[in-house]
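Two complexes come next, and they have one chain in common, chain A, joined by chain B in the first and chain C in the second.
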Partner chain A sequence: MAATKPAHPDAMAPRTAGPTRTAAPMQPASWKTSPRMKAYARFGMTGWVYLIASISAIVIVWALGSGPEAYEQMQGVLAKPLVILFHVIALISVGFVLIRFFGLFPKAQPARIGPAKPPPEPVLKVMLYAAWAGITVALSVILAGGIF
Partner chain B sequence: MSQGHPLLKLEPLIWFLFGQGIMIGSMLMTGWLLVVCILNPLGMLPPEALGYERAQALGSSLVGRVVLLGILVLPVWKAAHHIRHFFIDRGHAEKDGLIGGTSYTVATLLSIFAVVAVVRL
Partner chain C sequence: MATKKTFVITRFDPDKDEVPKTQSYEIECQDDWKVLDAINFIKDEVDSSISHRWSCRMAVCGSCGMMVDGEPKLTCKTALSSYGDTVEIEPLANFPIVKDLVVELEGFMDKFQRVKPWIISAKDEAAKKAATTMKEGTNRQSSEELLEFKQFSMCINCMLCYSACPVVSNEPDFLGPAAIALGHRYNMDNRDDGAAERNEIFRDEGTVFSCSYANECSEVCPKGVDPAAAVNQAKFNAVIDWATGFVVERGGAK
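For the complex of A and B:
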């Protein structure tokens, strides 16, 4: 595998220099297109979507606090096709992030915390998906005027 | 990044906010995006569901404020941490101090705006 440049300068560096000089770690030339890096990049890119979606949410709440006129104007902005399209992409990103996170979460659990052991991986996953579904349904029903 | 860098000292707090942003923030955002940002603008809800008076009443209640803070603040920290790591993953680790510092500064400012937005409801 061809190497292009040194990897992170601190990668694998010992805290203090030892008597043996080791070769600096090198990145393979194909690192950007490896499947694992593409998956990391997709997961990382959701950060940009979350940033814009968060700013959008802050602006909506700010408009709500500014009175009925500002709130009505905001409703007009939210109804623009490009804004709706972005929010659909944001919703897909949120689903992607949670599904990936729920796959990682059980693997990141400690073997035990004091006397307690975490539940088996399938049980933990069911609990996470149930919490997501429950929170989404409850919040959606409340916001849509179903209750309260 | 050197061992004494401020970002390393803040790492436990940043990871806590990032983790809550992924889990709690994303779970809350799902319903928010679906109803407030997609179904309502498409006219698929009764007009009074998210009319000004009902939205104001929901948002200004104690539970409403807490939920709104979760929707507004936590995803910002998820975004900041993932943007930082996106740059690291794409080969810009040598600029991590600058990118991380900028990301978390923006996240802090947006969090302050979010808290003010919720408080003034």
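For the complex of A and C:
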């Protein structure tokens, strides 16, 4: 369990060094095993999923602009099992990030802005989940050709 | 009833050692002991050369923060019975080590001063002296106003939050949870007029926007202060203050 990974050598160092020689700061050993830190690391790692998804979206738009044949070919690629698996991972990532974000969002709200106070935490959470559900339904309808 | 436990304690003597090492001590522990009781026993009865900080023994002074089995803990508040037969005691992570379990505090003090943790009054001193009524001469505060920031004023500067923070570990310029929480506490105080100055500091590099909201600071806080909430509220206020600064004088966002 003992800490083995060094922190930044200047972490919490004073502006001017004191007279005593000090040993370098270390990172907490529990970070590798702590479920909270694992969740935090997973939260950060979902950034790779969004990066790949963003690049894919640009490629799809590019194909759309390159004519019907290129777009048809792109749709064929999107139907491949590996790509579908990636989309499932992306969906899980978004769900995970939103649940974590919605859990932490209420306490990040200032006590008030001028005279206005935020609604109570349960109300705020219901509003966030309702907005998520509403946007998901609206996008699904649009993508299914229900509106445009 | 007494139980035998082994304590693996980090040792570092700046005059002799290049890097910290560990030393094990096996002692009989009483069931009602806190971790600090065991360290004090070792210091008093087994090895007087161990250096560690402690004072009040009742979770008020914030001196006895250490890593216990890899987690930052206030040792006077942590029951020994919740640990196994072997307990690892290390100095607070993310801090330079001065000797054994004692860490360098000056870096923390430097960060603390940067957020101006005192009431900045816009009231003119002459006007204060000339005031004849209590309402004119004092800073009044209702209990509702106090409740808005009270939890942030309960910090005991034990530095566990700095030890738990992954940003502190990697960004030496980061002001850190306790300092930002204290700055935010004064920004929220209706008697204070220094929000504009502090928001300016909060918008600097290495301040509130360096926080990645790991929330570890709030998880380890022994006083339930919730520094992560303060840091993220401070982010919000710093942005509101910046945005409103285009139309009104800065310092409006409280």
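The rule is simple: the second predicted complex is superposed on the first by the 125 of 148 C-alpha atoms of A that agree within 3 Å, B and C clash if a C-alpha of one lies under 4 Å from a C-alpha of the other, contacts with A are read in each partner's own complex, and residues count from 1 in each chain.
Criterion: a residue touches a chain if its C-beta (ideal position, glycine included) is under 8 Å from a C-beta of that chain, and two chains touch if they have at least 3 such contacts.
In this text, all values refer to a predicted model and were calculated from it rather than measured experimentally.
In the superposition on chain A, contact is made by A:8 with both chain B and chain C. Looking at the shared chain after the overlay, A:30 reaches chain C, while chain B stays out of its contact range. In the superposition on chain A, contact of A:123 is made with neither chain B nor chain C. Chain A is touched at more residues by one of its partners, and among chain B and chain C that partner is B. In the superposition on chain A, A:22 makes contact with chain C only, while chain B stays out of contact range. Touch criterion met: A:142 reaches chain B, while chain C stays clear of it.
Of the two partner chains placed by the overlay, chain B and chain C both lie in contact with A:40.
After overlaying the two complexes on the shared chain, residue contacts for A:79 are found with chain B alone; chain C is out of touch.
Judged by the touch definition given at the top, the superposed model places A:110 against chain C, while chain B stays out of reach. In the superposition on chain A, the residues of chain A contacted by chain B and by chain C overlap at 8, 10, 27, 37, 40, 44. The part of chain B that touches chain A in the complex is made up of residues 1, 21-23, 25-43, 45-46, 48-50, 52, 54-56, 58-59, 67-68, 71-72, 75-76, 78-86, 89-91, 93-94, 106, 110, 113-114, 117-118, 120-121. The part of chain A that touches chain B in the complex is made up of residues 8-10, 27, 32, 37, 40-41, 43-48, 50-51, 53-58, 60-62, 64-65, 68, 71-72, 75, 78-79, 83-84, 87-88, 90-91, 94-95, 97-98, 101, 105, 131-132, 135-140, 142-145, 148. Chain C meets chain A in the complex at residues 8, 10, 12, 14, 17, 19-20, 22, 67, 69-72, 88, 90, 93-99, 103-104, 106-110, 148-149, 162-164, 166, 168-172, 188, 212-216, 219, 226, 228-229, 232-233, 235-237, 240, 252-254. Within the complex formed with chain C, the residues of chain A that make contact are 1-3, 7-8, 10-15, 18, 20-31, 33-34, 36-37, 40, 44, 104, 107-114.
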